[in-house]
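Residue numbering begins at 1 within each chain, and the chains themselves are lettered A, B, C, D and E in the order written.
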Amino acid sequence: MKYVDTALVQKKMNGRLLLNTFAKTVFLLSTLFGLVVLAVLIYRVVSDGIGWINLDFLTGKLSTNADRAGIMGAILGTLWLMAVVAPVTMFLGVGTAIYLECYAKKGRIHSIIQTNISNLAGVPSIVFGILGLTIFVRAMDFGNVILAGGLTMSLLVLPIVVVASQEAIRAVPAHLSEASFGMGATKWQTIKNIILPAALPGILTGAILSLSRAIGETAPLVVIGIPALLIPFPGGIMDRFTILPMQIYYWTLDSSLVAEYANLAAATIVVLLVVLFLLNSIAIVIRNKFQQRY
Amino acid sequence: MEANSALKKGNAVNVREMIEEKKSKRSITNVLEKIMPRVLLMIATISVLTTVGIIFTLLSETVEFFSRIPFVDFFTGTVLRPLSQNPEFGVLPLLTGTIISSVIAMFVAVPIGLMTAIYLSEYASDKVRRLLKPMLEILAGIPTIVYGFFAFTFVTPILREFIPGLQATNILSPGIVMGIMIIPMVASLSEDAMSSVPNSMREGALALGSTKLEVTRKVIMPAAMSGIIASFVLGISRAIGETMIVTIASGSSKNFTFDITQSMQTMTAYIVEVSSGDAPSGSTIYYSLYAVAMTLFVFTFLMNLLARYISRKFREEY
Amino acid sequence: MALSQKANVAYSPKGGPVETAVLDKKVVYDTKDLNLWYGKDHALKNINLAIYEKEVTAIIGPSGCGKSTYIKTLNRMVQLVPTVRISGEISYRGKSILDKSYQVEELRTRVGMVFQKPNPFPKSIYDNVAYGPRIHGIKNKKILDQIVEKSLRGAAIWDEVKERLHENAYGLSGGQQQRLCIARCLAIEPDVILMDEPTSALDPKSTLKVEELIQELKKDYSIIIVTHNMQQAARISDKTAFFLNGEVVEYDQTDVIFSNPSDKRTEDYITGRFG
Amino acid sequence: ACGSGNEETTTESNEQTASEQTEGNETTEEATADLEGSVVVDGSGTVYPLMSVVAEEYMYTEQENVSVEVSRAGTSAGFGRFLVEDGTDFNNASRQIKDEELAEADAAGFEVMEMKVALDGLTFVINKENDWATELTKEELISIFHHDGGVEKWSDIRPEFPDEEIHAMGPNENHGTYEFFYEAILEKEDLVDGVNLQQEYSTLVNLVSEDVNGIAFFGFGYYVNNQDKLQAVNVDFGDGPIEPSLDTIGEEAEYAPFTRPVFTYLNVDKAKANPQVLDFALFTANNVNEFAGQTGFAPLPDEEVQAYVEVLEGLK
Amino acid sequence: MALSQKANVAYSPKGGPVETAVLDKKVVYDTKDLNLWYGKDHALKNINLAIYEKEVTAIIGPSGCGKSTYIKTLNRMVQLVPTVRISGEISYRGKSILDKSYQVEELRTRVGMVFQKPNPFPKSIYDNVAYGPRIHGIKNKKILDQIVEKSLRGAAIWDEVKERLHENAYGLSGGQQQRLCIARCLAIEPDVILMDEPTSALDPKSTLKVEELIQELKKDYSIIIVTHNMQQAARISDKTAFFLNGEVVEYDQTDVIFSNPSDKRTEDYITGRFG
């Protein structure tokens, strides 16, 4: 007895194939949707902003006067912020990763820390802002200075560095550390001389990605409080500061006060995107170039 | 080879002796060996302390808030007038704002993200995938402030062409843009889930004469469902916590409404508003900041737990 | 060994015309001058083979000789590998399947395949078997029930699973899973069944069951089976092809191959001198 | 030169005023740059455009080593930061300080000096396409925002107006502008239900510019800079409609009922302790009139400003 | 086969006293009643073995029989696996190394190890060899130079790499890498060298080189080598232990094991009947 009617199957086949082709097209279009938005976004920002980008804009001081306003203060603020975030996250992130991967027994402490890190990664950035405001700005009384902002951002991006470093450390083949132990090296010697150097490209990649996240974050700093007008350049970690995204934020808000501010905001976005693009390219280069094949 | 052993005998360097000799000096190594685990444990504890710090700061001020505003009033109140002469603190306007914007975002991110994932995992050739995936990841790396600007100056005006009643600040436009921002996250996590369905499953289905669409719908997606759903939940969590897009593009009206053409405020935007106002500590509005932040924290925390639970509990055994 | 029928030698090393089999057996697959490359890797070299209806054809050979590649060419699954290039011709029931115009989906509904590792879908036993009929548009619950039962019976696993049709297929043992995969394949009533080392992941008892099943199935289906296990080939197949380095060294009646091979390399392989 | 589409009309005339005033002021052009340190200014968003320009000018031309940072949390919120020990140096305000607030300063143990910096006209703005409500009486305006005004639709004001719901908007309670409106104009009666109160003036500008039925109030400066997007309601205070303008928003001028002084408050103790704070206060007093016009304020009478200069000189 | 010396049988299945070797050979390692578990998995069962100075001791047996586990116990590397539990005793030069008080780092400076897959560090050739001396506190550049040269000569690779000491070790061929690993091990002048299938990843030519090297090294070092390859064991070792399922089936002079084994299982294994 035949249940499967070959003629019927044949008849339905064309419809099924058509549906498949149709779906494939729809899926491709969906994929392209995101890219089209990206292109539009970049085009918009660049066309609004590119005319305003020149050396004076990049190196000038902030001003209420759109024609002479510059973003050097925000650039320096961003750099200073990185100067806090980079070492702090590297220290905390890599330290935590080493502990988790090399020292912690797979037990309670390990799982507490590990779970905690993945939870921390999901905490909204603005909540970190409140933490920073309460702890660094107020309780420790730093005020709304670079150090307070930097420490807040460090905690915010810490999970990124930890997870990336863990992966990098885990990717160092066991036979390398075994060889080191086999020579009578202690654990710390092995970590320091073998594991960390081998994991470094991965760690750096993670660190750069975390920096690029920190550079783009605005919400925590809004909470911490950044002055709308701050002209002098920051000169140290205890100075007040502004950063590129905050400048974009204020200029966007004030575009109703002075229409050109919208262009300044766009120009600043272009600068910010270029910085991010460079950082990510560096990360990719490091990943591709220095990744050792064992 | 004989030369080698000769070299060994005649050699001035006696490594063994030197090692023995240096052993006395190796106290630093030994000390390091002892203290490093502790130092590293301390470093690792900082991430835990961060969480504890978050919970502690939020909780202590929240407790004070609830001593002034009854718990029930806060969670059932539909009026939020924190700065008014006779303030009212109902969180429902913020909750609806948050939920509505997240739902809109997911309406964008779920279908597009999922279809993107399907395309990348099931249809695209290796070459195309390697090209498209990093480009999509750029989308995830764009600062949210840029999206806020985009929503406010580009998406809203376009939408207003089609939706006449749409206000200049509204929840729809930031919702859509948040959705766009979340697409790469949903796409990438779902794609991971689908790519980890073993090839034997695909081959089995193809060998029965299925089209790729059928393989995807009937075999791959059911098998990867837990990962896919987890990606949605994480996407929602991300949308709930997103701040700058809504702050810029949805204004700060505290309407309790379900009309997406209106300006609404989310929990995150409320926190921005109150803290840009820099409420004097001690005032109820100051404490309300923490109560709202606590609510937000609990919300996203539960979402993250849920996502983890789903992807762990319902992981398919192949 | 249960070889009873006799047929002419179907092997034609020079690609010349293949002699028709006696006993009214028709050629299902005819392969002519087939060459296949994975990128630069020449995996199949000048294959010429004719495969007959309602027989079990075994393909043996050492690892990497191209056995899997060959049978995956028969339902064009091999083309899922993007780097694959093919020349030559395979005709199935007289139609050239390597033609772009030949719909693979249709080919695959007529040619079932069973894989080395059992690969049931992560669904219920019932849904596994009903998968094929469903995608081909059969929705009627009653008919599906009948198909599922018939296929599971056909795969000699009905009695073991009839009480738990709606449980997940992963609850079955490896041998049961493999028979389920065979049932899944039977459900679309194929003409040919390709099997790539279907028992290599199974314990001896399950292997025996599947071998018995194959003997049963050949009444209705043409079966091509790849195996590492020469005893198995000898036990269950009617014809055997010996592959080496992508070439067909010898193709003949199974008893001929195992008792009186004409090629020295075949003999070496069968007597365990390499592979 | 920081206006948008309206440069030709306002800015040029202001520049003239500015240069005239500069001649009378010897201090301005000599950048002595012998002071350093920081001056922290917070408070009114209304006053922000004026004070930020003053601060910028001070840093460019007067003391480049002094950092004057200007924030704009809003008048009341700014007082929150000002009236504490070790708070901000200046607080801008678009309303006068309240007695309770003064008491807080006492409690924190410092003296506060009030300086008027300019005059601002509370301006009601409507959409460019709104052709019916361009002239309203003071009472009609109040009825739109008053909780008991009995007005929901335009047609409730005058029957010939459209039968459309009014969308009333304004700055939120963080702002002195709100409080001025609430206290001086609504006489502490609640605002209408459903009024849309925003933190950012830019949001209000956008909302009204895109909403035919919108009406909002804020400082004149935010209107001047957005004349291409908005139109102001001419207010009839009893003697015919008056258009708000730099000329009409003077203390004695026709728009006076909706005119209010805007202030900055100085922490006197800090001024005594920190020369740069005092110096900036002096600079402000000396120069604020020069910048009032271009930022949308009417300047104060010269005598009034001069009085501050004398008081400040006395603190040295 | 280059077996010249004769020694008494050192195998003692019942754990009784091990007879001392003639020819003045001292026992380096003495294993008594060693048992080892990976979690619940009993990987070594009642091992009793005495290993002699300046000999090559080969350990053979089928996959999974515990060879690697055993030699990793000798330098306590096996304890890097957290689930490992050990009972019994191993003494090295008379001291019990399983004691907590015995410092593993010291043990490992005296007992070098060479692994199955060449595992140079991703550093220069020089740094690879200097690694051991450096971690043990030798910083002097001149001395390091001497050590590096001597060790590379000792591992018979000096001539091939002397021009490129500061290039990355991954530029070397597999066989060179393995000899580099041996050099790295020699640099700390160990007493014993443990080798776990050191040639299994190498081509025949490199294998030959390493085998010659081992013959050379045994003049100065005691060598314990795990190998899959019975010919290799027969070629290079003095004594051979045959492991099966975690037990020592037989331990004797290599020529005895290969020509006249006393256990049937040993014979089966050696003649290729299983494994």
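Just so we're on the same page, contacts are C-beta pairs under 8 Å (C-beta built on N, C-alpha and C of every residue); 3 or more make two chains touch, one makes a residue touch a chain.
By chain, with names taken from UniProt: A = Phosphate transport system permease protein PstA; B = Phosphate transport system permease protein; C, E = Phosphate ABC transporter ATP-binding protein.
Predicted model, so just to flag it, every value in this text is computed and none were measured.
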| item | value |
| --- | --- |
| Contacts common to chain B and chain C (chain labels) | A |
| Chains touching both chain B and chain D | A |
| Top chain pair, ranked by how many C-beta pairs fall in contact | A-B |
| Chain whose mean Cα position lies farthest from chain A | C |
| Length of the line joining the C-alpha centres of chain A and chain E, rounded to whole Å | 48 |
| Cα-centroid distance, chain C relative to chain D, in whole angstrom | 86 |
| Gap in Å, rounded to a whole number, between the CA centres of chain D and chain A | 39 |
| Where chain E touches two or more other chains, by residue | 109, 135-136, 188 |
| For chain A, residues that touch 2 or more chains besides their own | 16-17, 186, 189, 225, 252-253 |
| Junction residues of chain D - those touching two or more other chains | 200, 206 |
| All pairs of touching chains, each written as two labels joined by a dash | A-B, A-C, A-D, A-E, B-C, B-D, B-E |
| Contacting residues of chain A [partner chain D, same complex] | 63-67, 225, 227-232, 240, 252-260 |
| Chain E to chain A touching residues, read off their complex | 75, 77, 80, 82, 105-110, 112-113, 115, 117, 119-123, 131-132, 135-136, 170, 181, 184-185, 188 |
| Chain E partner contacts - residues on chain A that touch it in the complex | 105-106, 173, 175-176, 178-186, 189, 193-194, 197-198, 292-294 |
| Complex interface listing, chain C residues touching chain A | 103, 105-106, 109, 133, 135-138, 143, 146-147, 150, 188-189 |
| Complex contact set, residues of chain A against chain C | 1-4, 8-10, 12-13, 16-17 |
